[in-house]
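Order of writing sets the labels: A, B, C and D. Residues in every chain begin at 1.
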Amino acid sequence: MDKLPSIPSEEPRLKRDFDQMVFINRNLTLENIRCYGFDMDYTMAMYKSPDYESMGFELLRDRMVSVGYPHDLLCYTYDPSFPTRGLVIDTKYGNLLKVDSNGNILVCSHSFTFLNGEDIQKYYPNKFIQRDDTDRFYILNTMFNLSETYLYTCLVDFFTRCSRYTNLEMGFQHGDLFMSYRSMFQDLRDAMDFIHDTGALKGCTVKNLEKYVIKDPNLPVLLTRLKVTAKVFLATNSDYSYTKAIMKYLLDSNVKESWRSYFDLIVVDTKKPLFFGEGTVLRQVDTNTGKLRIGTYTGDLQHGTVYSGGSSDLISDLLEVKGKDILYVGDHIFGDILKSKKRQGWKTFLVVPELNKELLIWDKKQSMFEELKRLDFFLAELYKHLDSGSHECPDIIAIQTRMKVLTDRMDMCYGQMGSLLRSGSRQTLFASQMLRYADLYSATCLNLLHYPFNYHFMAPPVLMPHESVLQQSTDFASTELIVTNNISR
Amino acid sequence: MDKLPSIPSEEPRLKRDFDQMVFINRNLTLENIRCYGFDMDYTMAMYKSPDYESMGFELLRDRMVSVGYPHDLLCYTYDPSFPTRGLVIDTKYGNLLKVDSNGNILVCSHSFTFLNGEDIQKYYPNKFIQRDDTDRFYILNTMFNLSETYLYTCLVDFFTRCSRYTNLEMGFQHGDLFMSYRSMFQDLRDAMDFIHDTGALKGCTVKNLEKYVIKDPNLPVLLTRLKVTAKVFLATNSDYSYTKAIMKYLLDSNVKESWRSYFDLIVVDTKKPLFFGEGTVLRQVDTNTGKLRIGTYTGDLQHGTVYSGGSSDLISDLLEVKGKDILYVGDHIFGDILKSKKRQGWKTFLVVPELNKELLIWDKKQSMFEELKRLDFFLAELYKHLDSGSHECPDIIAIQTRMKVLTDRMDMCYGQMGSLLRSGSRQTLFASQMLRYADLYSATCLNLLHYPFNYHFMAPPVLMPHESVLQQSTDFASTELIVTNNISR
Amino acid sequence: MDKLPSIPSEEPRLKRDFDQMVFINRNLTLENIRCYGFDMDYTMAMYKSPDYESMGFELLRDRMVSVGYPHDLLCYTYDPSFPTRGLVIDTKYGNLLKVDSNGNILVCSHSFTFLNGEDIQKYYPNKFIQRDDTDRFYILNTMFNLSETYLYTCLVDFFTRCSRYTNLEMGFQHGDLFMSYRSMFQDLRDAMDFIHDTGALKGCTVKNLEKYVIKDPNLPVLLTRLKVTAKVFLATNSDYSYTKAIMKYLLDSNVKESWRSYFDLIVVDTKKPLFFGEGTVLRQVDTNTGKLRIGTYTGDLQHGTVYSGGSSDLISDLLEVKGKDILYVGDHIFGDILKSKKRQGWKTFLVVPELNKELLIWDKKQSMFEELKRLDFFLAELYKHLDSGSHECPDIIAIQTRMKVLTDRMDMCYGQMGSLLRSGSRQTLFASQMLRYADLYSATCLNLLHYPFNYHFMAPPVLMPHESVLQQSTDFASTELIVTNNISR
Amino acid sequence: MDKLPSIPSEEPRLKRDFDQMVFINRNLTLENIRCYGFDMDYTMAMYKSPDYESMGFELLRDRMVSVGYPHDLLCYTYDPSFPTRGLVIDTKYGNLLKVDSNGNILVCSHSFTFLNGEDIQKYYPNKFIQRDDTDRFYILNTMFNLSETYLYTCLVDFFTRCSRYTNLEMGFQHGDLFMSYRSMFQDLRDAMDFIHDTGALKGCTVKNLEKYVIKDPNLPVLLTRLKVTAKVFLATNSDYSYTKAIMKYLLDSNVKESWRSYFDLIVVDTKKPLFFGEGTVLRQVDTNTGKLRIGTYTGDLQHGTVYSGGSSDLISDLLEVKGKDILYVGDHIFGDILKSKKRQGWKTFLVVPELNKELLIWDKKQSMFEELKRLDFFLAELYKHLDSGSHECPDIIAIQTRMKVLTDRMDMCYGQMGSLLRSGSRQTLFASQMLRYADLYSATCLNLLHYPFNYHFMAPPVLMPHESVLQQSTDFASTELIVTNNISR
């Protein structure tokens, strides 16, 4: 057997602070990565929260008013403490839902009111939705959806409280007019498309880059280091002129070095997720005029060339790398991560900007979670001596009440709609997709800086329930007293 | 706050042996279950392994010979140590694959040869398959598939070694004849349908019930107890005459009590998974003749009535229960569990007959897994003081070799294709679906006997990687020495 | 310009009798046809009507009784004067419909009752069906469907008149049982599959070949002549043993010459229409045992070889001919003709066994059609001097009544459900598909005998309504008197 | 029997000139029509040809140049004699195709070159295309497509002749750039969307209404008369502001009467063909601001109200009419006619602006068609005395050559790509769809003026080939001599 390396002499510990860590769902050896790909928005370009969301909210709100919604809406302003990413809009009943990976409802709100279990069951007798019914349910997965999530809530709030309108099951009536929750949602979507397509949002951003975009000197450092060991590309759904404005701001310094020189390949207008399937025609961008060249480029890859469109297959060919040798870094669970993983077998790195905040709260409130765990265990213990022949009925109402209180308290620490990733001891749909499709995840792509490029990301081994039974039996051997004390508080 | 129940005075412990336990993926309160549904095959009727699989294998093998395959095949007999459930056949290249939930290849065999990483990459450059390509990839998910899995391996083995045939990439050539892996698979599927549809398999089973079917006196006990607290139904894809033969054997005793009296409703010919969607016409079965009644029954539910066809919606209506109030117990991850969960929101209980064996091995070999975990951790430690600016390159070959040895050894403890649920520290596709779609799982449905009907199944809280970081840092604080010792062996 | 051939001196005329003619929808030069393909059933093998349909009806009826339908059904016997091919069953309301190519209803019957316009409108407010709704509407296009068409009518008749059953909108009620029109249709389809799949129908046929199959000495003559100028193949959905029985009977004579020698290629189990798309695996049939060879044949085409499965693409390759060089002769408007034309661009020849009868009636009753035409014209004339400013309202009730009478009379000459091809002056869906997809059509494929193999089938030029206006104006110049006389009858 | 109306005393004749006629595919009684619907563009608003197409062409051409196509393109101007409606672009090979209803190729051009049979076969071995492959084949069905058809031809022409570009099978190469026929087509489509969506085309039109739009005083007359007997609605894909501009111009006079008063209902933004299926949300348009009202109108129909979106079902409900009682008048064979007919069972009136020109030519050149018919017949006669046993081989080259010459000459009378409706004796895809889906058709909707509103449109009875055989035999009895004379020319 080979000789072993010397063991580091100090006590093992986590060198890195939590906010600098990359978290691991599946083993991944950076040494094998021959190519790094990046999305731009919310990946390389982090927007300043909540200023950016506020600006989006106002553009959206004003657009709604300008297409005919009441001027009263102008009183609403963005409240970052309300919306959470990953919520689901039920366009039939106008509710906001937080669900787990199977469609079980964890939280449900109507306007700013949170419904209790009984009320939820009136709408959803099984406390369950068929997520596949995409005609009815719309998932608000991206950071861009936050302002939309909040404005929809404001709309429902306004019409519910406005005396001119009668509240019906599927919308509001006012004289001869019927406004369905569905049509309000459609109007919102149209407004969203409007502020994106007309360039309104981008215009505001570009005019106030310092206000809206975080400029981190570590980004050029990361890209410079990456380029030594691997190929690097940028693949964004944004158009060339916006991409240029943002990337110049992020990367260009006094030294006469173009932002384009950081990349082997730049692809704009990618139309992800289409990009990971059939894709579109690949065109070259004339970097002087910003216009597309007609025809498609067929020569060898030239450094810093900008393309428009194409597909992940074309990009792999141009860069001469295979799917498993690419680590793609993005923020969109569906468009960036799920699709690149499922269709192309790419390695994936999900940027979750909320993660630092989530970790902070988790750290502070872990005692609550521990108590929740102990209550779980304690509850189980009460039934341990019973079997299907027993008729004994332990009194557990106090425990259950306490558990509900704890879950709600924990949720509220994250904001009104709770955490992005969990509700009490249950994981959200977003969390389950993150765990399934992202090999790595972190609050920012810059955290790659803290790992050597030959690093072995080793996933913490996950035990299945039947496997973990052995450990449990010892882990909790002496937890009784604590449990009792907590509950009797 | 309510007064608390008195705490059981003995030390908390796991009263139940592992093989009597029900494992929990998601919280479930039995008290809320108003209706229990059961599949029959491999759920209420457990077949004796490997006798039953051997019989299936022989019928299948003989059928292949009778449709023209060489008589030499008759030399093969079933070897229960080879196949594992949940494998994937690649009908293009004739390989058997074990994959994880994202389609990454964990194990690959061709005939009885296991391919190493390099060889796998020749077939699959990304070590990854697009599972959605169901035209090419076929998942062998049920216990019935075991004999098929093994016979396919035998076929590839025979033709590979037979000197009359030339081995080509996608099959075998013999004079003017080309036999593709695909057509061999198709012939096997046809043979499988033949032995099922002609009743050959059922005939053999019914003639030797004692030899092939486990009769457990606990089954009538369980059903009797369940009926006191809830409605109970049977929903099987089998036809009436086979269902009757099996259930009579399992439930009828000298006392003149019919097996049908154990159920509020019996549905045969269910055509799951179709049953959980649109379904088919619901007919009544004439229990005297075994024939279907024409027309559909529209009256109230009558105890012990037998129906054919229908759908889960019709059944819910007849039983007057909602989806979330039903616990459905079955063995088919797709047909029983995934579909009833995704489409109907039913609570689900997956029967995994292999579980006892898996747990036994897990228990015995846990030290290997612990060592694997320590090696993981140790590997990570070697890089802890480095970052993206470092050029140091720790020597890790010895560790990696040791990890590979451990993984292989662990796998081999389960059989030649390894465990149903994991390969080293990675979970299989089957495991990931079991975790996602089954609320509960156990080796047998009879284990429900060991829990009171007001039991609160509490899922062990699962930490996400970022959440578990805090704990890790302390858990492993003193593991160095052990690690060193093990590796230097 | 080239010198012209001498003109035949006799007066031009139609040499051939109507029943020997091939009719032409699109120009087709036999000289360019390099390959002739034939379906077997109702194409080369003409079944004796109504004996064959009666036998089918009885097998079907008896099967229905044996699955539980009342024994009273046994009183019904097949009446060839009722059903027409190409009808549509509305499985919702249990009606038989005759429709045109746009789904407009021409005739509608319920059991043996023909509905008048008013009653039709109760079921179909637009007198129109959405043919695409194949879940609801089933087209009875083949000769095999005739017995089914009639039996469905008998079923509706029986339950409607039986006092034990209550008539409801979508079926019949009897105590707790509801029998929907839909389920009756499903049972009928199942029974149909049963008598086909179990070989019941084929068994009866083979036992009484003389009774059920027309043996025409011209068939071997045609095939012999064709083989001199082109390749000839047989492609049938029937299996090998039935194909062999039928073709031996049709082609084998005392001379020791096998039926297989008439063909370059014989393909059984074709699974048309699938055959014209993706197809299935192509296997060779062992003509000694009738079993399939394993593996696929990859050598050159050998004369008289029998294959099973495959696809039209594979067959073209084996025969080395292109789609446009193949004339395919079949009787199934969808499976044979539409699909081979739309997917493969084959030339098509539709066998329409009813054609002789239709032509006979047409010939005899043409005066009715002429009168109908004159009434049409006459009606138009009444309005000729009016325009949108006119308020005059010609009295046309007498004309309309006469037209209805004529249409009904014409229809009844063909049978109770009227002609296969028209209802009064309107064409049926079947006719419109025949005109669109068949290049040629005839009562029997044997009529090819009457044309030289270098023949130019020239389609009669079809004028569009705007083009035919010029001619009309003169054609009818002197029809007044006749019109007047007829109407005043 | 009822007393008969007096017969008009004058000789029957066609009172109306051809260009004032409505042609009839299927019987239709105006008396039964309770509601008339109109499309706007090319239906009520006829654009002046070729000025309007020229303007479209120039906008399109200039857009192509502005996105990077060579300035040389600016030399091309619109030539109305080249394009015909209903052609198909093969985006793979850059060809323009004229096809019949089965996809058989009638004419094929590449840039301005017409390919002969042999060359066509190089591209299309079966002289046949699979029309269903809509990814590859694009049908240019509307008048708006004419400029596009011509510009695509110009593009292919330019690059083919430009020495900088190498001609390849699927496009052009220039250095590192490859321009596929497919991408050129895609650019053209994008440019087309651009000039429509940005309002460029509409802007130019509105600025020069007199130049581009035909104002006919008969339109208000027609609408006024219609409104007396039936409901009238307008359903256009155009937006409100353009609709208003056009309709004001067409209908408003000095008398203070709004264009809106002519309609019971006006629907803009209809998104046909979606309108005839699921449709979109129905909104009311604020006719003061032109903006949409939020919410949907639920009250009774108010005269002259303007809506946006909706669906044909909603419109039927609002107007309280059934599908069969609506006559819809439009110019778009797919969006207006096929869809309204197939999905809703509406009666349909197709406006075919080219019809007058087609009729004029038909009238003048009918002698050619007659000669073609005689040659057809004559050719058939040459083979009449032969059968499949004959080996005689009539010399027909002279006849065939003559037929080809005649067909080409006829085609050229209509323009370079020939007639919209036929090529020689064969009908185009457009013609076949017109015959199938339009109940009526005419050059302009104004021709309805020439018919009383109680008119019975009686379709000329169409004989099927087998039916017409009887007549043929006499019709051509004396045509020999003429035939001989013509051919010997």
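Everything that follows uses one rule, which is that a contact is a pair of C-beta atoms (placed from the backbone, for glycine too) under 8 Å apart; a residue touches a chain by one contact, two chains touch by 3 or more.
If you're wondering where the values come from, they're calculated on a predicted model, not measured in any experiment.
Chains that count as touching both chain A and chain D, per the definition above, do not exist in this structure. Ranked by distance of CA centroids from chain D, the top chain is B. Work out the mean CA point of chain B and of chain C, and you get 50 Å between them. Computed from the mean C-alpha positions, the centre of chain C lies at a distance of 32 Å from the centre of chain D.
Distance from the chain B centre to the chain D centre is 60 Å, each centre being the mean of its Cα atoms. The multi-chain contact residues of chain A, meaning those touching 2 or more other chains, do not exist; every residue touches at most one other chain. Per the touch definition, chain C reaches chain D in the complex via residues 1-5, 7-8, 11-16, 18, 21, 23-27, 101-104, 125-128, 130, 132, 222, 225, 322-324, 341-345, 355, 358-359, 362-363, 366, 369, 372-373, 376-377, 379-390, 392-398, 401, 421-422, 425-427, 431-432, 435-437, 441, 448-456, 458-462, 464-470, 472-473, 476-477, 479-480, 484, 487-489. Contact residues on chain C toward chain B in their complex (touch as defined above): 67-69, 171-180, 182-184, 186-187, 281, 283-284, 286, 291-299.
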